[in-house]
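Below are two complexes that have chain A in common, paired first with chain B and then with chain C.
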Partner chain A sequence: MSESTTERRFVAEDVETELKQFLEKSTKTSWESDTDLFADGGVSSMFAMELVVHIERSFGLAIEGPDLRIDNFRTVNDMTALVLRLTGSDAGE
Partner chain B sequence: MSDDLPGLISAEVGDRAAAWDLAGTIPVEVLRRLGAAGALCAEVPAEYGGPGLSSRRNGELTAHAGTLCSSLRSVMTSQGMAAWTIQRFGTRRQRAEALPRLTRGDLAAVAFSEPQAGSDLSAIATTVKDDGDTVVLNGHKVWSTAAGYADLLVVFGRYQDGAAAVLVPTTTPGVTVRPVPQPLGCRAAGHADVLLEDVRLPAAQVLSGTGQSLPLLTTLALTYGRMSVAWGCVGIIRSCLRAAAAHARDREQFGKPLAEHQLIARHLAELLVAEQTATRVCEHAAGCWDDRSPELSTAAVLAKHVAAGHAARSAATAVQVLASAGSVDGEPVARAYRDAKLMQIIEGSEEICQLILAERALEGAV
Partner chain C sequence: MNAIGIGSVHCLLPDERVPVADLPELARLSDEELKFAEQAGVETVGIFPDTEPTELAARACRELMATQEEVPDLLLHIGSRAPDVLIGSDAGKIAHLAGLDGTFPFTVDGLGCAGSSAAWGLGRDLLLGDPTRKSVLITYGSRPTAADRVRRPVTVIGDGAFAMTLVRGGRPVLKAHRMEVDSSFHDLFEVDYKHRPWSQWREECTDNDRYSFELAMQSRNRLGNLVDRVLADAGLGQDDVAAALMQNVTASAYDFYRISLGLPIHPVCATHLAEFGHLGPMDVVLNLDRLLARGEVDPGQHVLVLSNSPVAAWTVTLWEV
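Right, the complex of A and B next:
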């Protein structure tokens, strides 16, 4: 798990689609973009770590330090915003 | 920095593991030399002065240490877990300041457990409170491995609405480190309780800022520990296999070597099966780590669970094969017998590992 951040840029729709596919495959449940994954009956801390590692690998980035705050992973929308920010994809053309 | 870290560990341990076990301590200069070579946290990247080993190569290094001295290997687990926590949760500045210290000879430990928070880390009661540009810690940590040697503790506690890991130099006023008297196993690993009484530190010592979740924080940190303990157990099993095979080859009873007695031969086969099984499951977990596979957190639990169980059974088997020759305190299999039992308890007890794995089974993860 060495640090590496790519120059790849992403659009929100693609990030959302990828994240939802991973969530559905892993949890056998489909998730809305604004559903809190960690609310009661949601996913475990083990799965939270899987999410972190999955996002890092899928989007070629390192999530470290303050970016690991749980609020960045609560919903698909939160994770999408994190990916766009860390890859510089939210900076406009 | 040495290219031959296994050789360096072999040279530092020599034939002294039994004496360290009996004395309950490893000379701190040995730990500082190994630390300064980066051997205690060998996955720390080169940019922070570490050897930058892959999980797989560090795993083999950890197993090597485990064959020689599980107390030293436990110190490696603690230092590595501290470094990993800093690497994951630290800001760029915190990483740049703290990690090079851990590869230059400073010693570190992590502090999770408390009197009422063992398997249930959600019961952690240690508090971290803001006070201007400082934070104040209060709490009681128990069984912090390597804390008896540590210059720096990574303390997990409650902070604002969530949790935080805080870098606490052991020289800070209000920090008291009390060695656990005569632990069952890994006797020279520096197990200690830590009292934190109005420990005031600059707010910059809080890793990761605000809003961290305690379960994610501890799961990320413990995953390194589980990998390290699992590989350490591989080392214990290898040591037991070696000792049992040598004894069965050399000792004769009823006119022939023990190895030619079929019931003893079966023990040797079981030891080999244990060594191979534990090695393969650790290699799989290390591969997940190096490939950044999301399966990593579960693979680490599986590796720790399988390897610790095999280590405990293998150590008991090896004592059985060596019989009186293995029943002297400090002897490799006698140490393995005591050390391996602790491996079924730390970094997620057998039962906690089973609960996590059962959860995965129900999720249809495999």
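Right, the complex of A and C next:
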């Protein structure tokens, strides 16, 4: 099971900004929030691992089991939703 | 009771090796498949023409047994992804061709490249379970399942076979072994064999994203956990591992596991990948045998062997040299 290793809470805008900076640095390309990273089938396992490791380290997460579905990582929006859910940041006040 | 370890190993490899760039199938591959073939890290593949995996395995067994006095109690055949015969017995065929009268043959199947490691664990347990048994013979023959050797996005297949025994008091000693599967990946790869002649068989990855993302990420987590548990079983840590080996699928896979597990994969693996291509479950046996033959690992040191497969089986085995 995935788990959060931090008590920190995040807001969607900050998560999106952080993820876009990582993607731009890694791929030398700007990404819209709803662009499918995997649409052309060109994403390597190595890049996928770097992406997951980056999210885990940046947001204090251990992502495991069913949460490692590719649909949780297709777009910046999908990854943001995953981070907010796993850190409990989507639970409201 | 003596610990279970390796009695002897014999790896059968062809003298004839063909550059991947000269494989006849390249003329009809797609651009993506060609690019994969060029970048997989395989320079040549060994080819045994006009033979079957069972015949190769039987030859490996026969040549190994010619050097042994004991007749093995059990023959543990690691099944090819497609059997030579339906209804019949490939394990029985190997035992018959190898002249293994009095040896009970059966097949371990459905685990892909993880088959050898699973057979090690099973063979050890079968020896521990019956004190009258003295030896388990394990064998496998590698030939392409479908018509092509290039298996994008996995690897390029070469030919070969091995035979090895597990015995009481053998070395290296099998110190610890664990394995896991995620059976939801059971149909990630398939060959439609019922509706096509063999010449038209094509291995198909039913979901490339699932292979390159979900299986890769699961492998990172599963193998990482298994490594920790196997080392804990033996009362050791990663610093106690003299060498780590894995199967030979692509050059990039070694980097993936080196980074994700923090374990450098010994370069003997990449050498074999380049020379022979992927040999299925034989890879880890060849890598371990050749590593030990190089004399780089001293008695008492430990070698960790990792395996995973496209059917989502993961194994980790610790050997004490």
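By definition in this document, the second predicted complex is superposed on the first by the 87 of 93 C-alpha atoms of A that agree within 3 Å, B and C clash if a C-alpha of one lies under 4 Å from a C-alpha of the other, contacts with A are read in each partner's own complex, and residues count from 1 in each chain.
Simple rule for what comes next: a contact is a pair of C-beta atoms (placed from the backbone, for glycine too) under 8 Å apart; a residue touches a chain by one contact, two chains touch by 3 or more.
Note that the coordinates shown come from a computational prediction; the quantities given were computed from them, not determined experimentally.
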>> After the alignment on chain A, I want to confirm one thing: do chain B and chain C clash, or do they fit together?
In response: clash
>> Going by the contact rule set out at the top, does A:26 touch chain B (first), chain C (second), both, or neither?
In response: first
> Touching A:48 in the superposition: chain B (first), chain C (second), both, neither?
Replying inline: both
>> Which chain, chain B or chain C, ends up touching more residues of chain A in the combined arrangement?
In response: B
>> With both complexes overlaid on chain A, does A:64 touch chain B (first), chain C (second), both or neither?
In response: both
> Once the shared chain is lined up, is A:8 touching chain B (first), chain C (second), both, or neither of them?
Replying inline: neither
> Can A:56 be said to touch chain B (first), chain C (second), both, or neither?
Replying inline: first
> Can you pull the chain A residues that chain B and chain C both touch?
Replying inline: 38, 44-46, 48-49, 52-53, 64, 68-70, 73
> What part of chain C is in contact with chain A in the complex they form?
Replying inline: 208-210, 212-214, 216-218, 220-221, 252-253, 255-256, 259-260
> Residues of chain A touching chain B in their complex?
Replying inline: 1-3, 22, 26-28, 38, 44-46, 48-54, 56-57, 64-66, 68-71, 73
> Which of the residues in chain B end up touching chain A in this complex?
Replying inline: 45, 52, 55, 87-92, 94-95, 162, 207-213, 215-220, 223, 289-298, 301, 356, 359-360, 363-365
> So in the complex, which bits of chain A are touching chain C?
Replying inline: 38, 41, 43-46, 48-49, 52-53, 63-64, 68-70, 73
